[in-house]
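Each of the next two complexes has chain A plus one more chain, namely chain B in the first and chain C in the second.
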Partner chain A sequence: MDKVLSNKKIIALYVLPSLLLILAIVYIPIVLTAYYGLNDWNGIGAMTFVGLDNYMALFVDATFWNSAGHSLLLALFSGISLILYLVVAMVLAAKIKGANLFRKIYLIPMLLSSVAIAQLWLKIYHPTNGVLNSVLESLGVANPPAWLAESSLVLYALFIPILWQYAGFYILIYYAALKNIPASLEEAAKIDGANALQIAWKIKLPLVMEVIKVTIVLAVVGSLKYFDLIFVMTDGGPNGSSEVMASYMYHQAFRAYDFGYGSAIGFFLLVICLAVTWVIRKLTATKDTIQYS
Partner chain B sequence: MFSINTRNRHGIAESKAGIVSKLGYTLLYAVLIAVAAMQLFPLVWLLFFSLKNNQEVFNLPPLSLPMNPRWENYAKVWSSGNIDVYFFNSVWITVAATLLTVVLGSLVTYAVTRMKWKGSSFVLGLFMVAMMIPVHSTLIPLFSLFSKVGLTDHPLSLILTYVAFNMPITIMILLGFYYALPKEVEEAAIIDGCSVNRMFIQIVFPMTSSVIATTAIINMIYNWNEFIFVNTFISSDNYKTLTVGVQNFIGQYTTDWGAIGATLMISILPILITFLFLSNRIVEGIAAGSVKG
Partner chain C sequence: MFNKKRAILLLSICLVLVVAGCGKKSNEGTGGTNGESAGAGDKVTINFMHLWPEGVSAGQNKIVNQIITEYQDEHPNVTIKQEVLDNEQYKNKLKVLSASNKLPDVGVTWAAGFLQPYVDGKLFTPVDDLLSGQLNGKFVSGTTEAYAIDGKTYALPLEFNIAPIYYNKAIFEKYNLEVPQTYEQFKAVVKTLSENGIAPIALGNKDRWTGSLWYMYLADRNAGQQALSSAITGSDSFKEEGLLKAATEVQTLVDSNAFVKGFNGLSNEEAKSEFLNSKAAMYMMGTWELPNFTTNEDIPKDFRDSVGFFKFPTVEGGKGDINSWVGGPGVGLFVGENSKVKEESKAFVEYFVTKWGEQSVTGAGVIPATKVDTSSIELPQLYIDLFNEMNQASSITLFADVQMQANAAETHLNMIQALFGKATTPEKFSEEHDKAIASGK
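This part shows the complex of A and B:
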């Protein structure tokens, strides 16, 4: 039987197509990104090798650091909203009737394309005809702001639809994890006189810690490479005040035709995403994982 | 006497707890309903204004029902412009990429979990690490690779990238299911002289149909909504999918809110309808796919 299951030809037939595809589409491009970053290149003509010039330029490029700061701010906001999502998930998991319906409703925005969401929220934020300002005006606010046109507001105005889009996803993950906790633990704690808050804090929270770590990585890394809504809604504007790392990379490569510099940004993005993943995993590593099954 | 006393005290405590928990539950529901309203409000508003004309959109309250629903908005955007072309491109590209991903992903997962060969864990690792890699970091090299082989402005560029980037999550979801699958049936089949190919096609593939459906739906959602690759690789209207097509199309209709609303509704309806019928499977699939990460 082992002979049948170690047939090299069949293994190659099953694995090679996918393996070659992922090498060609994911791994080789990463190596190329690093290499393009070492060149001066407009995407069409000949490449000129310039060594680390692009990477050096990156470190003194104020626009880049601004956009990196915006990405970091989004990561911070996403990280903080995880607490909110966890609270909602705990409420949802508290033997509530209709929990199933609620978690499905919460998930709907996540199913929609970023373009549709972006266009929808452009209309919500529309300075004169948008829902937000119509409501504010009817509440007596005389001159509500043009949310996406003011450089001090635009970034926060963009964060709201981004957080809105992913809320259901994180609530769902937390809900699934909380539902995995055996009911007997909660019952035992209740008999010992623990109240709902104590049970949430001292029993449920530690038991879903592993999942919380995963979501922190997902939220932070997802924020650092975030692109879609910002690209469609403001394209980094006004005046770069909502530019993030990925949109800056796109602009440098496909608008300014500086593919070398764009690639340097792309490679930096990759390194920072992998590094952040690693650091968060290290920081939140626990030696003993709690067993409850 | 003593016993009555305790019973009394106990009774008072119990009714007090009852009131508290009733109040608590009302509060919990209030939180859940508020979140649900926030998730649904923009979409309901979108549906409503897709059935109104500009005058009704701007002069009536945002959530007023469309009194004479203007279905002609839908007819207008479907027949003018290229929405129908974008729509069918989205459909066939999504279906093709999804089919390829689940078939190739199943073959890899089978080879990794069931067959015996050196390097299987290394290959699996390659697929899993690919999940951490931001798509943006591969964008510039993929664009230049595809230009070199004549695949820019070609649907194949999209299908190949979608398959490669969805392969890791697909394998990850399948993996858990394959590990739990009993080996006895396959052992018996081998003793009876069944070949690996026949066993995979006639026994394993049908046994995994439920998890394949889950992964297929998740793939469909990702592929249907994908934006940055279409936006970068495809330039002619004949090959654009809905996400990017809608974006360009709306540019021509910046002032006709009914038409914009109808266009957006057309682009999100297929996903919403799928969700309506298969929501349990989608919710479980997303939960399974992410928690294991």
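This part shows the complex of A and C:
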């Protein structure tokens, strides 16, 4: 196998097909999007080159910043919920009864498509027939809110299914990382008299730190470009109070027929995601990784 | 070197699979035809893209297939290839196909504002020659006009709709309510229902155009059809007194709990089910819903029998006429400018529109855009009544979001949601409209 991998032609053979594919479906569209963003274009007729007008307009568009704020809030929530996922994973990775079953239970939402999840939660949140409000009413709440219709609540009401949807994914990643820690370390710590909390804090956490960094990037970038569940459940409404950057991009391009502006938003979104990733990498950079074994 | 060979083999298989995967689409929904018949003399294939999937619009889907089969029988050299998509997907696909100049030969379009960019981009071909041919004088007046831009007609309408308020007779009877003739009576009905714990009106304003219907009627009755029309076309302002009053009136209705709880977060489908389950007493919707209230076997007969309709009541001191309606043509058929089989496609459209007029009445229970003699066919009373109302209409104002250009329509719809959600004032509502319409996009 070593011989194969040192042969340049073979390397090219391996790399080229996927390289071509990824060029065609990722990098070329990115360049095109940036270019469309420089044009005034309704997506159908002729394009008019307007330079940076669309990008400049972005900076003074209150609706865009509003939706960017919502995206950031979602990123913040996903970031915080990672702590919860890690705790759950630690409990599951410890030898508790039924850990296998629980792991599967947490993972199941991941197997459902976003649209199915959206339909499910639409039923839960239904203002009069929904499960949530029925429970609240039976608990004596006289007039429970219409979760998806109230500007002040809708965003948080949407965060719950989104976080629930991805819980299994992160728990699984953490679980796998925790299972990789040699049992001997934990045993040694136990002999030295460390309690469960100390083991978790001093041994497990540092050892899965690299994985945690990756999940932070995944969660934050994923939140910034989040689209599907919000699109199905509220379509950014009511009155833009659950609009996020990606849904705003969609609305501008496909509803308002402003493809140039939509492309500008799309490209800007990419820039933000790259910038945020870079910042997170810088913030969490450590000089040397801890190796216990 | 077994490994190397195996790796290359594996890689090749992957490639083949990827390529095969890419090439194998667009065959879905080729119901009833055998695909292309390339290279055989003067054989012609017409690609037809429409939005009546079997699962969603069973009645329409059946008619489409019937018409196509008949057409192919009469014209053995023509094959019609269908591509069927859901409403929202259809709109998106049409746009993507337009951008790459690969429109189908025949397709479905909406009127006015929706049509404009396609006409500007020279993607649809004018079909005026069809209007002077066999179809001359066959259309209900006012229908083809909505598809005309700068004196040329770019599509032929299939449906024509008006929007009445449907109501549940059983609920009205239970609370001794009369069909309201004036807006004051209407508000009294709302009050009684709401006090008795019945949601007066089913409204799914997540879809936004649903709320727009209510605003449009209030605007029409308060300010008159003329004022509303000129505000929409931009020759007058939405700050006109009657239009401002209409916006205020919307918020008064919201305050009196006229609409179902959480209406701004409910889709039209969800709201409709409140009405279908007799949980809400009234529901304003276009006549395309008629089959659900007349012939649809999936809905209990008891309910269907108890559905009536009334016209939006007149407002005291308002300039509107009770026979003035909000509505307009639904969808129409266009022929692609770049189609290689333009003449054949036009002939098919002509045939389709004629047949559709006859069959949609009996088959799907929708009101066609062509004149049909209904006296000889047995039809549900509700259908006949609405059909007659349409013929007596003093004016029909096209749905605002259809009339406006795409960008202004977005503003209108967003402002409607804000108005209903009390996130804006009537003044601000009018201001934003004027601004969006003035921008001309």
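The criterion applied here is as follows: the second predicted complex is superposed on the first by the 273 of 293 C-alpha atoms of A that agree within 3 Å, B and C clash if a C-alpha of one lies under 4 Å from a C-alpha of the other, contacts with A are read in each partner's own complex, and residues count from 1 in each chain.
Quick note on the criterion: a residue touches a chain if its C-beta (ideal position, glycine included) is under 8 Å from a C-beta of that chain, and two chains touch if they have at least 3 such contacts.
It should be emphasised that the depicted structure is a prediction, and the values quoted were computed from it without experimental measurement.
With chain A as the common reference for superposition, the partners chain B and chain C occupy clashing space.
Once the two complexes are laid over each other on the shared chain, residue contacts for A:Val211 go to chain B alone; chain C is not touched. In the superposed model, A:Leu148 makes contact with chain C only, not with chain B.
Shared-chain residue A:Pro17: touches chain B and chain C both. When the two complexes are overlaid on their common chain A, residue A:Val91 makes contact with chain B while staying clear of chain C. Of the two partner chains placed by the overlay, neither chain B nor chain C lies in contact with A:Thr48.
Once chain A of one complex is fitted onto chain A of the other, the partner contacts of A:Gln198 are absent, as it touches neither chain B nor chain C.
Of the two partner chains placed by the overlay, only chain B lies in contact with A:Leu107; chain C stays clear of it.
Between chain B and chain C, the partner in contact with more residues of chain A is B. Within the superposed three-chain model, A:Phe254 lies in touch with chain B and with chain C [touch as defined at top]. Comparing the two interfaces of chain A, the one with chain B and the one with chain C have residues 1, 4, 10, 13-14, 17, 21, 43, 254, 259 in common. Of all residues in chain A, those touching chain B in their complex are 1-2, 4-8, 10-11, 13-15, 17-19, 21-22, 24-30, 32-33, 36, 43, 88, 91-92, 94, 96, 102-116, 119-121, 123-124, 129, 131, 134-135, 164, 167-169, 172-173, 175-177, 196, 211, 214, 218, 221, 224-225, 227-228, 231-232, 246, 249-250, 253-254, 259, 262-263, 266-267, 269-270, 273-274, 277. Residue ranges on chain C touching chain A, taken from their complex, read 1, 3-4, 7-8, 11, 14-15, 18, 91-92, 95, 98-99, 117-118, 120-123, 199, 205-206, 208, 260-266, 270, 274, 279, 406-407, 410, 414, 417-418, 421, 423-424, 441. Across the complex, chain A is touched by residues 24-25, 28-29, 31-32, 35-36, 38-40, 42-43, 45-46, 49, 57-58, 61-62, 104-105, 107-108, 110-112, 114-117, 123, 126-127, 130, 132-145, 160-161, 163-165, 167-168, 187, 190-191, 195-197, 200, 221, 224-225, 227-228, 232, 242-244, 246-247, 250, 257, 260, 264, 267-268, 271-272, 275, 279, 282-283, 286-288, 290-291, 293 of chain B. Those residues of chain A that touch chain C in the complex are listed here as 1, 4, 10, 13-14, 17, 21, 42-46, 122, 125-128, 146-151, 154, 234-235, 237-240, 251, 254-259.
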